[in-house]
Every structure is written in C-alpha cells, then in structure tokens.
Amino acid sequence: MSIVVTNIRRADPAVIEALGKAGVATVHEAQGRTGCLASHMRPIYPGAQIAGSAVTISAPPGDNWMVHVAIEQLRDGDVLVLAPTSPCDAGYFGDLLATSAMAHGCRGLVIDAGVRDVRDLTAMGFPVWSRAVSAQGTVKETLGSVNVPIVCAGQLVEAGDVLVADDDGVVVARRDDAEAVAAAAQKRLEAEEAKRRRLAAGELGLDIYDMRPRLAAKGLKYV
Amino acid sequence: MSIVVTNIRRADPAVIEALGKAGVATVHEAQGRTGCLASHMRPIYPGAQIAGSAVTISAPPGDNWMVHVAIEQLRDGDVLVLAPTSPCDAGYFGDLLATSAMAHGCRGLVIDAGVRDVRDLTAMGFPVWSRAVSAQGTVKETLGSVNVPIVCAGQLVEAGDVLVADDDGVVVARRDDAEAVAAAAQKRLEAEEAKRRRLAAGELGLDIYDMRPRLAAKGLKYV
Amino acid sequence: MSIVVTNIRRADPAVIEALGKAGVATVHEAQGRTGCLASHMRPIYPGAQIAGSAVTISAPPGDNWMVHVAIEQLRDGDVLVLAPTSPCDAGYFGDLLATSAMAHGCRGLVIDAGVRDVRDLTAMGFPVWSRAVSAQGTVKETLGSVNVPIVCAGQLVEAGDVLVADDDGVVVARRDDAEAVAAAAQKRLEAEEAKRRRLAAGELGLDIYDMRPRLAAKGLKYV
Amino acid sequence: MSIVVTNIRRADPAVIEALGKAGVATVHEAQGRTGCLASHMRPIYPGAQIAGSAVTISAPPGDNWMVHVAIEQLRDGDVLVLAPTSPCDAGYFGDLLATSAMAHGCRGLVIDAGVRDVRDLTAMGFPVWSRAVSAQGTVKETLGSVNVPIVCAGQLVEAGDVLVADDDGVVVARRDDAEAVAAAAQKRLEAEEAKRRRLAAGELGLDIYDMRPRLAAKGLKYV
Amino acid sequence: MSIVVTNIRRADPAVIEALGKAGVATVHEAQGRTGCLASHMRPIYPGAQIAGSAVTISAPPGDNWMVHVAIEQLRDGDVLVLAPTSPCDAGYFGDLLATSAMAHGCRGLVIDAGVRDVRDLTAMGFPVWSRAVSAQGTVKETLGSVNVPIVCAGQLVEAGDVLVADDDGVVVARRDDAEAVAAAAQKRLEAEEAKRRRLAAGELGLDIYDMRPRLAAKGLKYV
Amino acid sequence: MSIVVTNIRRADPAVIEALGKAGVATVHEAQGRTGCLASHMRPIYPGAQIAGSAVTISAPPGDNWMVHVAIEQLRDGDVLVLAPTSPCDAGYFGDLLATSAMAHGCRGLVIDAGVRDVRDLTAMGFPVWSRAVSAQGTVKETLGSVNVPIVCAGQLVEAGDVLVADDDGVVVARRDDAEAVAAAAQKRLEAEEAKRRRLAAGELGLDIYDMRPRLAAKGLKYV
C-alpha cells in the first residue's frame, strides 16, 4: 500500500511563475473561489511568496521517514506538501531536511503538522507554511507514500498540482487548470487596478458596482 | 430587519486620541477591567496603535456585502468593526476595501473573521485585528446591518463606541464613558511611572504594595 | 497548602549556558525526544534564545498575586514559569512586573496563560513564551505556591530545572540531567555539521543514513 | 463597580411558556435568525426543554461567589445565566447550588464555563447548558455583578430576557420582544405542519417553494 | 461552476450492506487504515450504524439551498454528505429536510457543519454525524454543487462512494474498492473472533502476536 | 530509554474503594482542589464511576504497541492511563484490547487520545475516559514506556497513584496521600449532607456561610 510515484507531470514553468506573481487571493478568486487550504496554515516568516509543483507526502503521525524518500523525487521548482494520516503537530522538518531539499531545487514546504528550526529556516530563506511550530521530534519507523493524492488542510492535492503560498496562506490549482487559472488571474489583476484608482479617489463600491438598487430591492433600510 | 443607522454620535476626538495613546491594557484597567475583546483577535502586523469610533457591521457568514454599505457611513477617525452572525473565518476584507475605507478616513478594521491581502495592507499601513488571515473569498448576496449593536469577539460594541487596539489586542470603551475613562487612564499612567522607577531599582512589589501581612494572614508559608 | 520553597538548587551556570546555545530542538533530541512544552507556547517576538533555572508559580485562574511572591525568589539567570490551576488566558504579566523581574536577574517568562504590554516587553528585551497575548487584567486575592512542581503546557517542571526557549518553543531539562544533556547536545551539534555539508552538496538522506534496504524490506514500492 | 440589581422586570409567564414550547430553533427563526448562543453550549443530559427569565451573573474566572448572591434574586420560573469575565472552564456549579436554586424556583442554568456533579444534577432533573463539564473547584474571593447585562457565549443577555434552551442549544429573546416573538413562533409552527405533510408525501422543497426558476436564473446546471 | 451531476454510479447494495454490518473501525482497517473522517464528526444519538451511497453537497457557509437540490438526486439507500466551502457550524439541516430526505430513501446525513432539531431527528430515527449541533439558521441565496468531489472532515468523498457511520464516527470507501474492502472486512471479523476468545481467556497479546522478541530487539527493558 | 517498571506499589484497596465512592468532585476538593485532569477527558458512556491504581503508558503518537506490554503488568483493580508523547487523537484502544485488559482485572482506561469500538465497550461495561472517539488505527513500531511518570491531560500521574473517574471527568490522588484524602473526602460528604437539607429547605448560602458581611466589606452594592 506504500508507494512512491516517480514520474509525475508538472505544469508549464511560465504558468507556475505567473500564478506565483498573482498570489494566493487572486488565484483563489480566478478559479472560482476554490482551493484555499485551511486558515491555520501560516508562514513561519512574513514576506515569502512562492509557487511550485507539488511533491506530496502522506505520512503517519510523528514519523518523517517519507520526507527523505520525497526529497529524491524533487525537481527544480517543486514544493513539498505533507499531510499526516491523523492530526499531529510534531516537528517533522528542520534545517537539515531543508538543506537537503534546497539542494534538490525545492522552493518551500506546506505541512499540515509542525516544523522546527524556524530561525535557521528563516535565515536560509526556506519558507514553510505549517499548522504549528514545534521542536517535538519524530521517528523513522512506518512507511507512508509519496506523490499520491492527499488531503492537506482541507484540500485535495495531487502530485504536480500547483501550490501558491504567500502571507495570506496557501491555495492549490489543479495542474490541468493552471494555464487557464493564470490567464484569469491576469485579467483579474488588470481589472483590479482600475478599481483601485477609483476607490482611492473616494468613489464608493456602492456606486462603482451599482449595488444600491439591489440592496433596496432586498429590503435594506436607512434610518 | 436589515438596517443602516446613518446618524451616529461619536466621542470627542481629543478623548479618542487620549485613549489611543494610553493603549489597550491601560484603558481596560481604567474602566474597571472590562471591555477586552477575546485574545484570538490579533494584529496582522506589529506596532500599530489606534483608537477610533466604531462603525459596526453585522454580516452573514461568508458575505461581505455590508462592508461596502458601511464604508459610506465612515467619517474621519472611524474604525470598522465586523462580527459575523455565525462563526466564520473567511477573508471578508482585502486591499481594495482598505483603499476605499482609507479614502473615507478609516483608521483600521476589527473583525471577528478573516482578512486577506495582508502584505498589501501592511505596506499601506492599514491595521487590522482579526480572528484569522484567510484568502477565502466571500459573496454579496445577503443583507446584514450597519451601526446596530453587535457582539464582536465576546464584547458588546455599539456604533460610536471607542475601539482601542494595539499589540495587546482590542478594547472597547462605551462612548458615554470615554471621557471619564481617558481621565482615569491618564492617572493610571502617571501612577505607574513612579512604580516603574522603584521596581527598576530593585524594590519588591511585596513591599511597595505592602502585601506581606495579607499574604501571611491568608496562610502563605515559606519553607 | 500554599507554600513558597525558598532554597532551590540550580544547575551549573556553564551547563545552563551550553543548553541555551544548543537551542530547543537539539536539547529535546539530546535527552531522548522528551521535554517539549506544547506547541501553543509561542514567543511574543522572534529571535530570543534563552536558558535559565525555573522559578515555578502555581496560580489560580485570573490571579497574579503569586508573581510578586515569586520575584523575591529570583536569582540571576532564572526564568519564571507559571501554570494556572485551570485553563486561563488572562494577562498575568506586563511591563511593570517585567521591570521588577529584570531587576532581580530574570531572563524571561514561560507562562501557560496570557501576557500583556508586549510592545513594551519587546522594547525592553524581556522575552516571553505564552499561550496568549491578552490585556485582560487579573486580581490579587487567592494564594498559590512558588517553587513547587507544576505541569506547564503538558510538561512537569520542578524548581531549578533548566528551561530552554527559542523560536521553536520551550523545552525543560531536569536539573540533575542537565550536564549529561548538555554533553549529548554538543555531540549532536557536531555530528549535524558534517551531515549538513553532505546534504548541501546534494547527497540524499536515503544514502547517508542507508535507508534504502530497510524501506524495501518494509515494502515500499516505486511505481 | 460590583452591583446587584434587585428589581428586574420579567416577561409574561404565558409568553415564556409559549416560547419554551416552541423550542430553540423556532424561536431563533421567529425573531429573524438572531439570538443563538454559540454551539459549544451543550446540555448535560438530553431531553430537557425550558424557558425562563434570565438572572444574570458576571463572575471572575474560577470564582463562584456571585452564584450565591444571585440565588437570592431568583423568582419562580427564572434561569441563571453566568458568563465569566475571561474564558474559564472550571466547575462553578454543582448539586448543592442546584438544590438551593431549585428551592428558589430556578428552572436551569446556562453557563459559559464548567459545571460538575452532573450525575446528581441529572437525577435531580436540574438541566444545565454549559461549555464544559469539570470537577475543578472555584473560590469565593472576588466580587462580580448580578443582573447586569452580560455577553454569554456570544450573545448579549440582560436580566429579565427570556432564555429558551433544549437539545439544540440556547437562544435569548429580548424581554420586550418576547410576546411578538411568541406569536411569530406560533405562526411558524403552524406553517411547518402543512409543509411537513407534503414533504413526507414525497413532494420536493424545490417544488413546494418554487425554487427551480431562481436556481436556473442563478446559473445552476444539471449534467 | 455550480453543477448537479444527475447520473451517479453506486456500489452493489449487498456490498454496502456488508460494509454497514462490519462497522467503521473494521472497514477502516480493511482498506489499509484509510478513509476515516476527522474525529469531530459525532453522532447526534448513540446506536445508529449505517452505510449508504454518497450524494455529495458543496455548500457556501451558512447557506443550505443546495440541500433541497440534493434531495431530488437521492435514491433509496443513499446518504447525504455536506461540506461547507469554508468552516461553518450553522444548522443547515433540521426535521423538515429530514422528513423530505427520508421520503426519498435517505439513510442519514454526514455534515461537516451544524444540524438542528436533534430531538425530532432522534425521534424520527434519522441519524446524523456532524461537527456541531446548532439552531443557527441558514439562507438560500448562493449556489453550490451536488455530486461533485468534496473534502468532508479531511477526506475526499466522491458521489457514489460508500459512507459507513456508527458510534466510532464515519469512514468512506471508494465505490470501486467497496467489494474488495467488504471481503477484507469479513476476513478480519472472522480472525478477530478467534483472538477475542483467547484474550478473554487471559492469553496476552504479547504471546498471541509473538511480540516479545521484537520488543527485546528494539531495546525494551524490564526493571 | 524505553522501560517497563514491573513492581509498583499500590494503595490499600479499601482506600481506593472509598475514593471511588466519594467521586471525582469530592476527591478533588478533599485534596485541596488539585488533581483534575483537563475537561476534554470525557466518558464514552454516562454512569460509570470507578477508582483504581494507575498502570501508566507513555506511547508515541499513533502507536499502541505499549498497551499490549502494559496489560501484562495489570493487577486486579488497576486502571490503564495513557498519554501520547505528542498530541494525537487516533484510536489506540478497542474491544479486543478491552477484552484482554478485563481478563487481567482492569477497571477502565483513561487516555489523552482516541478510543474506538465504543458501542462494544459500552456493551461490555468497560468504561473509558478519552480526548476523542476515533476509529483511526495505530501501528506497533516504536517503543514507549510502562509505569513511568507521565503527564496525562495536564496532570502528573505516577504508577500506583489512584485514578478516580465518573461523569465529571477524572482526578488523580497521589498513592501516598490516598488514605488521608479518603478520610477528608468522607468528612466532606458528611458535612455536605447537612448543608443540602438546609439549602433544600430554602435557606440561602449567603446566610448559612455568613457571607453578607464579607460581601459588604468588599463593596457589593444592591441597587
């Protein structure tokens, strides 16, 4: 039952780069308000903004053996995504694993569990989005799987899907939708720019979006 | 049932300014240890310290339509305060709404739900105290109310009440008590200064506050 | 039942210093993956790394009287460690108490409850690891005890034990084990350095730790 | 600051009885989907369904002194409602206090904290809705207030408001709205009966409520 | 983006029945320790044990419109499975919807949100596994989807998958694996029976499973 | 580091029986309001009331191997007490282990993690107090220890300590204090009986305990 899928398809690097520039909130909106991981997934330091192809890890609680297995599967531009098979906040990952992952092209880690050595990771510029920071160590006794579909923080993630992460959290875009989502995100960014200028000038969303008639029809009263 | 109260009374701007300078902990103590919002209300970036008059929003879960309605009610120096009608951590508010709110004089947002675009909000200097950071989008389908009394993070907030927020969280002062609270806060700050000097010099609180007899009377034993 | 133990034994200052340099994750590993306080114990600002002898406080919920009592028991290099007798997130500790504690040699506070005045504490360089930040005030009505064994955030802490705290959280080392743990930590740090270089050069943990045969024996399949 | 309001107005007993028969969900809907206390407020045993006038208690964390004070204020048909001034799950209330409260006409307790002796309370038929069951004891050292407005589990409750509680949780109806709410609840119950029969016969809500055109207009597609 | 898939494939009724008899823990083990929904999914009353084909619902927070749409898609022996698009504990479902669902053959509801009218549902014998019990009402304003893949309480559920639920919680079996899982579950039940007799007679698991050599090899010491 | 302590001392069976009859709240009060495990420890069925000597288990997250080891250490009248080394809600224990434990005299299980097969356990009359009910299975790969001191749900438990558990939760009494606590509990029960009669007759606690002067002295005002 424990497998490593070695040949995964990834999205076009230019598409991944575009999604990363768009950022989490825009990608989420561009794909129809879907794909956000749960809000408990927080960055260990502010300011990182990445996108990459998911190398997924399904790991037992308190056992980080499969991280070593997954690192061999990394290609340049990938992101490690780990979900424990039952809730766990132990520290699966620290500076040694980050050193190894970076040497294999990894852009960051998304983990619905704990991470440690966060000061070192910050100094190394290796970003992590996690449920917890915890020094609690793990063992290497029980197998899991790599590059199988997982549910991480409430979202299905398949190997090769595109993970986008920034200070707002993490969103996943299906690999096969990535190009269309990137295009929709770009349009959305352009449309926002015009709105931002009007709003900054003091125009109200009530007027820009013509909300007043619909609010009145729904029964809103001013008193 | 969905209303917007358009004419709210606010506290004296000088009083609001004094409360803002005193900060959350001092205002809370000055009004008899009342008014603190729940400790899950955290700032999106450190260092902001504000006070302002509450423009309140009662909004359905996952629906930010009323934020647009509320922005029209803002006056210079106000603070938006939003409570969802049932628990929700979606991202009701981002950089476009902040742009609009700032253009109408808003000093910040207090929201018992989620906020997004936090990197942009930080760059804009628009402070937010929230339950969560979340890119999860919202809809504009169901009415709520503006400037009605709400319960936000465990505290009653009425339109025109003074919200004070800093790195310690958020406290609310009733509009009609604001002046007295500001005066009490000022006295407290002055009294603290003398104590701080004595404590820094190594005097013990046990002696400064004459606690030893009462501790002994209660039965404290040194062994 | 309320007592203050006045004569506590402490570990050797050189050992404490060595543990502080090793940091939380290394100390935790060096003593057999034990001693981590729960991951909800977070620092109020990043970058602090301390070690010190525990002066323990058992305090009722919402009552910080015993903190004053404990401060008299501090010696240079100590750390205050407070556990409430039932769960509480009120702000037991602020800048005045920190001023007093610093004047008596205190290196920081570990508290399974709330702390306030965090901006001031940050400016003073007084580090705190806590369950919450909260301005909610406390009273001085009910006794507790000082320097008795407590359970703080899931770990037993006895007076004189060594607390180590950094961005990864907090770990406790038994006073009588501290010297052996420090030695084990030092060995571990040296061993890690060699591994770090190999991993940075692209060698895989799978090979460095010779994991492949054992993974195969357990049944891992590559597909 | 610590007061006991001794003369509170209550709603008409017939109205209270009607609200109790309607139950929590119906009362909540009848007053425009407002008033539900947070869903962590659970009954200690199934099957109780009560309504009564609120005698409110604001109490410090871990201190149940004010419960004794409140019991003197009870009149036949009242419900005790307690909110701690900061989050606390200690057991404020047990079988002795229940014996006393019942002797003074109390119908039950709503407490955003802990309760104990739940087996005895069950045997006595004294219902409680609480955040927790906990044997953790409390002290009698610090004042609070009785019959002041409180926020309990996210809802404002004023003395004399009507609390309705059953297996679905707890809802509060403003005293001055109680009669109108009871009338609206009665209408709602009658309307539901007809719908229930049609639904039981297999008719679809889609047809009974004529939802299909609006679903289609919003864009729902069947594939 | 809002769709209803009308033609879903279901597992063989005899297989579903066998999975229901095996129960949650056995099914979970039989499919390699996978498929358990999160442990916050609790039954509203003890003793129910069901299995059925999933009719899935993706619904916005606080909006139960899609439940009406889903009921039309029910066939005899189905189970409704609802996941909100962001965390929500409002009461999406009550006795009227249960009446309707039962009239269309529904065996129960699995909902990662709230449910209400639990006393009525208990009397009707309509079992529900939910995150919360809450009377908080919902609206019918925003579309969702029916019979699309959802993540419910941490597990991927696709329309037609088999949900098994009892007092231990909920597990999902992939439709195409259901037959093999049922066979494995049956074997497991038979094997357990022999072990149960030996354990009841006082034999130790240490001996039955021959654990002593492996424990010794790992280093376990008796002192 | 993984050990099994085979020779533990237990309290006098008559004392244990007396503590069990007194129940959790009374024992907690009789030992100075100490020893309650956290309130998330709930019974899987109502009505059980037990006391027994602790056989303690320290187990890795998601690994129940040590339960088998511990069962061999059971003597008639013991209670198993398990704490995971990092937070975990997986189902460590089910009906087979309960069958084995009962065959060796075990009175129940206290576990700060999950339990499964709760319907069978209820039918067998094997009571469990746990953090969660969960069918999630565990492995047998990593050692832990038996009969070492553990922290379970916030309380230190040593092998041979007396665990008392009922519908109010769980309390631990130190083995060497057990006799004195049982005596104090007995006195408390007798004193309560007289108070109960007076309270039932309508006398107020305010008068029975002579609280009025102290309330007035603290400043309580009736308005």
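By written order: A, B, C, D, E and F. Residues from 1 in each chain.
The rule is short, and it goes like this: a contact is a pair of C-beta atoms (placed from the backbone, for glycine too) under 8 Å apart; a residue touches a chain by one contact, two chains touch by 3 or more.
What you are looking at is a predicted structure, and each value in this text was computed from that prediction instead of being measured.
Asker: Do chain D and chain F, two copies of one chain sequence, contact each other through the same residue numbers, with over half in common, or through different ones?
Answerer: different
Asker: Tell me which of D-F, C-F or B-C has the interface of B-D again, with more than half the contact pairs shared?
Answerer: It is C-F that reproduces the contact pattern of B-D.
Asker: Please report how many Å separate the Cα centroid of chain E from that of chain F, as a whole number.
Answerer: The mean C-alpha positions of chain E and chain F differ by 31 Å.
Asker: On a C-alpha centroid basis, what's the spacing between chain B and chain E, in Å?
Answerer: Taking the average C-alpha coordinate of chain B and of chain E, the gap between them is 42 Å.
Asker: Which positions in chain E are in touch with at least two other chains?
Answerer: 33, 36, 85-87, 89, 134, 136
Asker: What chain pairs are in touch here?
Answerer: Result for touching pairs of chains: A-B, A-C, A-E, A-F, B-C, B-D, B-E, C-D, C-F, D-E, D-F, E-F.
Asker: Which residues of chain B touch chain D in the complex?
Answerer: 1, 32-34, 36, 38, 85-87, 149, 151, 154-156
Asker: Could you please specify the touching residues of chain F with respect to chain E in the complex?
Answerer: 2-6, 45, 65, 68-69, 71-72, 89, 91, 94-97, 99-100, 102-104, 114, 116-119, 122, 132-137, 140, 143
Asker: Within their complex, state which residues of chain D touch chain E.
Answerer: Residues 24-25, 28-29, 33, 36, 39, 42, 46-47, 49, 166-169, 171, 192, 195-196, 199-202, 204-206, 209, 211, 215, 218-223 of chain D touch chain E in their complex.
Asker: In the complex of these two chains, what residues of chain E are touching chain B?
Answerer: By the definition above, chain E touches chain B via 60-63, 85-90, 134, 136, 139, 141-142.
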